[in-house]
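Each chain carries a letter (A, B, C and D) given by its place in the written order, and its residues are counted from 1.
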Amino acid sequence: MRSAGRRWHYLLFRWALMLLLLAVAVGLGYALLSLPQQAVGLSEQVSANMATSGVQNPVTAVLLNFRGYDTLLEMAVLLVALLGVWSLGSAEVHRKIDPEPVLSLLVGGLAPMMILMAGYLLWAGTNTPGGAFQAGSVLAAAGILLLLSSKRFPVRLMGWPLRVVLLLGLGTFAAVGMTLLFVSGGFLQYPSSLAGAFILFIEAAATLSIGVTLAALFLGGRPQAGPYR
Amino acid sequence: MNWDAGLPLLIVATSLFSGLMIFFLSEKHVVARTTLNLGGAVFKLVLVGVMIWGVFHGHHYEARLPLLPGLDLLLRADAESMLFVVLSSGLWLVTTIYAIGYLEGSPHRSRFFGFFSLCVTATVGVALAGNLITFVLFYELLTLSTYPLIVHRETEVARRAGRTYLIYTITGGALLLVGTVWLYSMTGTLEFAHRGFVAGLLDTHRVSLIVVFVLLVAGLGVKAALVPLHGWLPQAMVAPAPVSALLHAVAVVKAGAFGIVRVVDDVYGVEATTKLGVSGPLAALAAVTIIYGSLRALFQDDLKRRLAFSTVSQVSYIVLGIAIIGPIATTGGLVHLVHQGVMKITLFFCAGNLAETLGIHKVSEMNGVGRRMPWTMAAFTIGALGMIGVPPLAGFVTKWYLGVGALDAGQEWVVYILAGSSLLNAGYFLPVLYAVWFKPAPDSWPDERSFGRFETSWALLAPPVVTALLTLAVGLLASAPFSPLQWARFITTLEYMP
Amino acid sequence: MSAVLLYALTGAGLFTLGLYALIIHAHLLRKILAINVMGSGVFLILVALGGRTAGAVPDVVPHAMVITGIVVAVSATALALALVLRVQAATGRAELPEEPLE
Amino acid sequence: MQQIPWEVMLILLPLAGAMACFLWPRRTLLFGLISALGVGGCVAGLGWRLLEQGAQRYAVGGWGAPLGIDLYADGLSLLMLIITALVGLGVSIYSIGYFERRQAILFWPLWLLLWSALNALFLSADIFNLYVTLELLGLAAVALVALAGGANALTAAMRYLLVNMLASLCYLLGVALLYHNFGSVDIAILAQRVEASPAVWAAMGLMSAGLLLKSALFPLHFWLPPAHASAPAPVSALLSALVVKASFYILLRLWLEIFPQTGAAPGQLLGVLGAAAVLWGGIQALRQTRLKLLIAYSTVAQLGYLFLAFPLGSSFAWKGSLYLLLSHALAKAAMFMAAGNILRFCGHDRIADLDRVAQRLPVTMIAFSVAGVSIVGLPPSGGFIGKWMLLEAALRAGQWWWVIPLILGGLLAAAYIFKVIGYAFTQAGVLRQTNKVPMSMEWAALALALAALLLGLVALWPLSLMEIGLPFGGSEVDAIQRAEQS
């Protein structure tokens, strides 16, 4: 009896929730439909300032120049997520299994390709779609493939070298921002002649960091070496 | 900062400073603690003396600390505050000496004397408060600093009493706060003034003013132990005797009664109080409390409990005097602030002596104790006779003024209340006195301790003797200049004369 | 109805669908998936409405915002997944207790 | 010589400190304390500038809104930064003694990142940037809760993370709607352009819902008690004192700037929920048998007070609410620290078994009691000033019914605070095995508690800071007061 009653309650709850969310969806849809049909947003301002942004790809210009500060904080978000995962405990020891030969072969061939691909994406990001995040993701995928195929990274790289690479993106970004404070008098205010170079520099560092951070997140815990062991 | 602003601050700070210092002393530092205690008390008394001299010579003592825009913490020496300051700082010195003797060798004395000093700080603050918010501030501080004193013994009973005390006083404080804010939102000022500061709102905000009056009196009535808000007081007598003395005579109930005086005289003013029609109900409430407290006291065998119910009754004389609305009755109420203090503190000191020296806690154990402890019981007798209103003791002066004042104000019913109450007072004190002096002593006392030369230790004996003599003096010398009575008449003049 | 609005409405649908799943399902993995569906809905709305410009070039600022949003979502999801594993290891269940622990 | 951009320093300094701590785990203490002191200096610098020059706007990258991101500092931001710096300094000192090495090397970088996120949040003038800071803050907070380890902390962290993610998405959807309606994410520009439309209503609903969830307003508080109670003590202090306040701050900004003309009904609703939170949180706190849960429920109640300003809407009410926020931050941090000391000392935090803590841990007990005075709202304390202002604002606005939760909440708070103090004054003679509590942990708690008390005596100073840039609009109440007095 009791379980039947419970079930009935559950169903009632489900239906009520569904109705409520339906109302939310309708309201949301109505709000969306009520938006102006035409809107330029900030596209005019973006194109007007592209010339001084140092890059040709407008998305990259927004990400690393106009709203570069967001991206700086976002690198910090990645670092926090990693520290969060590390604070949960150490990574589980990988089971010692021999990867199948096909996987081994595939990874051996794919990983260098992917790293190359990441480099291209990074470079391309200055004028066509692409950039540090795309490149970093591909890099991370390569790293995860290597981890899955039980490739072990040398223990001595797990200590400070790993931490340096993890910090590279955020550190470079912040350092460039500070340097510019003294050079051009504004935080993250690039001199337009050097903007491209600075952005590429930051992006390269960020790519490495993003790739390694994502791969480290995949491990799900602290590395088995170094002071964080 | 000039001297006129510094003095009120200094008077408050002496006990605050010594209290905070005492907290940091370890139990073993008896000499340092005693020095701080007595030094603070004596220094405060000296400063109060200076202040009286100054007020007499036309100095205007006032210290302001801005609290909120347009609202200051204000310490000010006016006639009413001087009355209460003299009472509390004088009795504090006596009580401190008593407490040092009483608690000798018991644990947690640093904590006790720390809060003891904070308690007096709060009381002096209440006395010197120049506006309602300052009053509220020190009133709440008083609640907080007395709680640890009530639970000092850390027994289950003490903790229960402490809990009851908090439930009553914190709720009362909340009502007082609401009333204060409400009043401020109407008037834009809270500064005490002779004849009050609400006169301009009588026509427009009549209902609000009545509600605020009820809130304020309810908040203050908790500490003044007006029936039905008195429930905490008899329970709180589990605290050590010096704390009872403090609660009943110096600090807590007095702060409540003094607050009602302030509200009627200096917030609303007697005129507005009458016009709002709230003085009659207040007088009625006081009368009910007087009779009820006396009736309950009649049936208590526990001595301190009997005294506690007697306090419930006696403190309402003050409220009654104020609520009768008339210069003579007001004088009687105000002077009772002092008179009740010296009489009741004597009685509690004596009760403490009985408990400490002979282990006597009950009235039924007091047979023949007058021969074992003549000095103590002599003091007790003076206090008790004063309470009954036997001339020429302090209580007589009060009752005389109240009675004449009531007749003067055309409220004859008060005389019946006074007569009834005096009969009841006699009913619960005279049998005790009879037993003490005329009944034979038992073979042994419940828990006797020997103190050598005197009937008890000198620190326990001197305070009640001194306060008993004071009881005699304020009655005999009532018409001398600077007696409490003359001072109360002076205050009344300010309130009633054009 | 323009394509832009179609995408945006789909996004709104995804958002509410995800919200429903988040509330209904007890398993933590499903909850995390539901939140990611909600996130996709928000990102879809954000990007789609950027296409309301007159010319062929859309407003790119929302694109950059979405990239930022995705990175944040990935980070949070990674932390959430790692937490699920630890919760399961500690309590034996990949679900939250009905009543908060007291 | 141009001006030093203190705003930027406030964000970058803890960020750099976090990176240094991460890179050199053996030197966490050094870098951590340098950062804490440095942030204090930067706040002082910014405060000085604000006092001299008024509210400040800083265009990051030199672009300026709407294309770029602006930082904006006025009195409201400044006070939030100051309180963060004070609590942060206290927590930093406290955690020296609290954490063992293994936890310390993770705590310090996470805490400094959290600090950076808080500073960035209080300085941001851009609703999308606020989203990023909110996420940074949320993830750091979750990670810090999980640092305690154990099933309770892990499930609490999990729940907290899910709530955070959900709330952030709601907020982000609102941002999307506002951007696509008005073409900017800058608060000041939006404030000029915004006009009532279905999209604005939807955005207000979504953003408010998300932020209320994060601020744990009743009935959305379910996640808070387990998270705040099971985290390590310094983290509990940070969460209750600062992290929940951050989302409240954003809500406050949005309501003051972007959604002021939404009519009275939503404000009344928030007020009702706040009143319910005060009562419900107070009753729940009273029912708890564990000290940290009691304090956590007290946070639920105290957060309710902050929302009582919404139905009143006068600048005096906003200031009162902010004043309560500030004093609650100090007092509650002190209280959680004191609870941490007791937990360390006794090995448990069951209230009924706090045998003789009053005698054996006097400094901690004084800290707890003094903080309690402010939580209850007794004079003289910051809590009293805040309550007084809200009471006065309610009575002046003729909405006397808000007095009831304000007073009842105080009585409930007194009940649960004195419940704890009462148990500390026992004669229970059982001497269990106890652990030593470092001096720094006791005195850090006391210092913050005394600061909460002091806030009740120097009210004019914070109140005058609240005037910088007039974040709460003109001071109409003060004007009325002046008119009445003259």
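Operating definition for what follows: a residue touches a chain if its C-beta (ideal position, glycine included) is under 8 Å from a C-beta of that chain, and two chains touch if they have at least 3 such contacts.
As the structure is a prediction and not an experimental result, all values here were calculated from the model.
Contact analysis places A-D first among chain pairs (by count of C-beta pairs in contact).
Using the mean of the Cα atoms as each chain's centre, the chain most removed from chain D is B. Between the CA-based centres of chain A and chain B the separation comes to 72 Å, rounded to the whole angstrom.
Centre-to-centre separation of chain A and chain C, using mean CA positions: 15 Å. Note: centroid distance chain B to chain D, computed from Cα atoms, is 43 Å. Centre-to-centre spacing of chain C and chain D amounts to 27 Å, using the average Cα coordinate of each chain. Chain C has residues 15, 19, 45, 49-50, 52, 61-62, 65, 68, 72, 75-76, 79, 83, 86 in contact with two or more other chains.
The multi-chain contact residues of chain B, meaning those touching 2 or more other chains, do not exist; every residue touches at most one other chain. Among the residues of chain D, those touching two or more other chains are numbered 128, 132, 135, 139, 142-143, 146, 154, 173, 179-180.
Those chain pairs judged to touch are A-C, A-D, B-D, C-D.
Contact residues of chain D toward chain B in the complex are 359, 373, 376, 378-380, 385, 388-389, 391-392, 395-396, 400, 403, 407, 410-411, 414, 418, 422, 425-427, 457, 459-460, 463, 478, 481-482, 484-485.
Considering their complex, residues 15, 19, 22, 28, 31-32, 35, 38-39, 41-42, 45-46, 49-50, 52, 61-62, 65, 68-69, 72-73, 75-76, 79-80, 83-84, 86-87, 90-91, 96-97, 100-102 of chain C touch chain D. Chain B makes touch with chain D in their complex at residues 65-70, 73, 108, 133, 136-137, 140-141, 143-144, 147-148, 151, 154-155, 159, 162-163, 166, 170-171, 173-174, 177-178, 181-182, 184-185, 188-189.
If you check the complex, the residues on chain D that touch chain C are 128, 131-132, 135, 138-139, 142-143, 146, 150-152, 154-159, 161-162, 164-166, 168-169, 172-173, 176, 179-180, 222-223, 225-226, 230, 288, 290, 293. Across the complex, chain A is touched by residues 2, 5, 8-9, 12-13, 15-16, 19-20, 23-24, 45, 49-50, 52-54, 57-65, 67-68, 70-72, 74-76, 78-79, 81-83, 85-86 of chain C.
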